Amino acid sequence: MVRIGILTVSDRASRGEYEDLGGPAIEEWLTRVITTDWVAERRIVPDGVDSVRQALLDLCDRAGADLVLTTGGTGPSPRDLTPEATSSVVGKDLPGFGELMRRVSLETVPTAILSRQIAGIRGKTLIINLPGKPGSIEVCLGAVFPAVPYCLDLIGAGRIETDEALVRSFRPRG
Amino acid sequence: MVRIGILTVSDRASRGEYEDLGGPAIEEWLTRVITTDWVAERRIVPDGVDSVRQALLDLCDRAGADLVLTTGGTGPSPRDLTPEATSSVVGKDLPGFGELMRRVSLETVPTAILSRQIAGIRGKTLIINLPGKPGSIEVCLGAVFPAVPYCLDLIGAGRIETDEALVRSFRPRG
Amino acid sequence: MVRIGILTVSDRASRGEYEDLGGPAIEEWLTRVITTDWVAERRIVPDGVDSVRQALLDLCDRAGADLVLTTGGTGPSPRDLTPEATSSVVGKDLPGFGELMRRVSLETVPTAILSRQIAGIRGKTLIINLPGKPGSIEVCLGAVFPAVPYCLDLIGAGRIETDEALVRSFRPRG
């Protein structure tokens, strides 16, 4: 069974002062798009390198997630430290994810260049930072997800398939 | 009062053998675009990690600049070390700035991929590397400046506003 | 005489279980495009940080290559470690190469964001990671090569000229 970690990073959401919108937006998007069986592992943690790092380690190493999607903490503010936490746990960077997410987001908002999102691989888990706002999450997921199923194949994670009418995931022949 | 550091990095300009064109081009552009009060802190230093690093520390930590724009030293030549010096003083990278500046510069010149410009944050200062040539400076500033005022807000730096007919700076509502 | 290292990185090709297609594709492309004298230094090594690192050091420091083009080992699979090996030998990164190669490759295949290709400079040698597949190699070389001759000039490597009908290499005047 494919496990997908959905990690909301937000001081206010983690204290219950603010409704978490990013995590549910990701789960709803995945539910629409992925046609094979999967289960969500949801977490909410405050901003910070340690809090995010511990949650990522838990999702990758203990829960055995195939894919982890984070939301929040990727901007330039002092408390935005999700990319630093992610960088500290991945063995390999995948710079193309951040480049493409910023490029497509720039088409709607010039402040997209302030996003410091990264992606990378820890063992058999692919980790992708997403923005905090539901609208931006959808734009970013739509841009990068066609490459996600094949990436999971390559790193030995579980197999997922997508509704081709929504996301045309691509696996080279052979 | 918002302070903007303008740092020219050039062996020849620092020895007076060559007229500094980049620094004045930046100052002239900012004077046209920014409609709120600001003051320039101009510096000229030779190429090199130490010389640029010391000038950046002086502008950020002693002069209290809200924004520092460098010009020069971002190419592949052995003496081009401005990105390394910048990287050594920032706490956070903002990879979207370099990506966008290279992308827009590529529309006019294929050697834009040789530019190693970065941007990042040191405390309450945003630092952006710009190219050396006045024409390229204008292209790069025009591309990234719409995101600069909001970035300064987020890091606790001073507030600037721009002439919307020249640069439509963007601040999300709320 | 300009020397160009062509380094194939592949477990199977290095054991002779698989015909090396990437190395010959690079050599054929260069033969068509470069109009000045040059000589190829071909190597095939298995995947891995040490194997690729030693081959790069040999090509740069002993063979005196002006340019080294690698093929293979840039994906997300556990054995894909060419970017890590390259990063360990270069003194300067040139992030614009990887950005542009991923961007142009994305026009044909959405999995182009999985490519972790980098480029950088070691002394007087420019090193560029290329993909493994001949078709993708051609797309990437066509995109970045216009900037290569001027980059070699700037780092003190040998001078090359290209057939302008195939690749319009660019050298700024002066």
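As written, the chain order gives the labels A, B and C, with residue 1 at the start of each chain.
Here is the rule we go by: contacts are C-beta pairs under 8 Å (C-beta built on N, C-alpha and C of every residue); 3 or more make two chains touch, one makes a residue touch a chain.
Since the model is a prediction, treat every value here as computed from it, not as a measurement.
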Could you label the chain A-chain B interface same or different, taking same to mean over half of its residue numbers are used by both chains? different
Rotating chain A onto its identical copy chain C by a Cα superposition takes an angle, to the nearest 5 degrees, of 120
Using mean CA coordinates as chain centres, what's the chain A-chain B distance in Å? 31
Enumerate the residues of chain A that touch no fewer than two other chains. 99, 103
In the complex formed with chain A, which residues of chain B make contact? 92-97, 99-100, 103, 121, 126, 144, 146-147, 150-151, 154-156, 168-170, 172
In their shared complex, at which residues does chain C touch chain A? 75-78, 80, 84, 98-99, 102-103, 106, 109-116
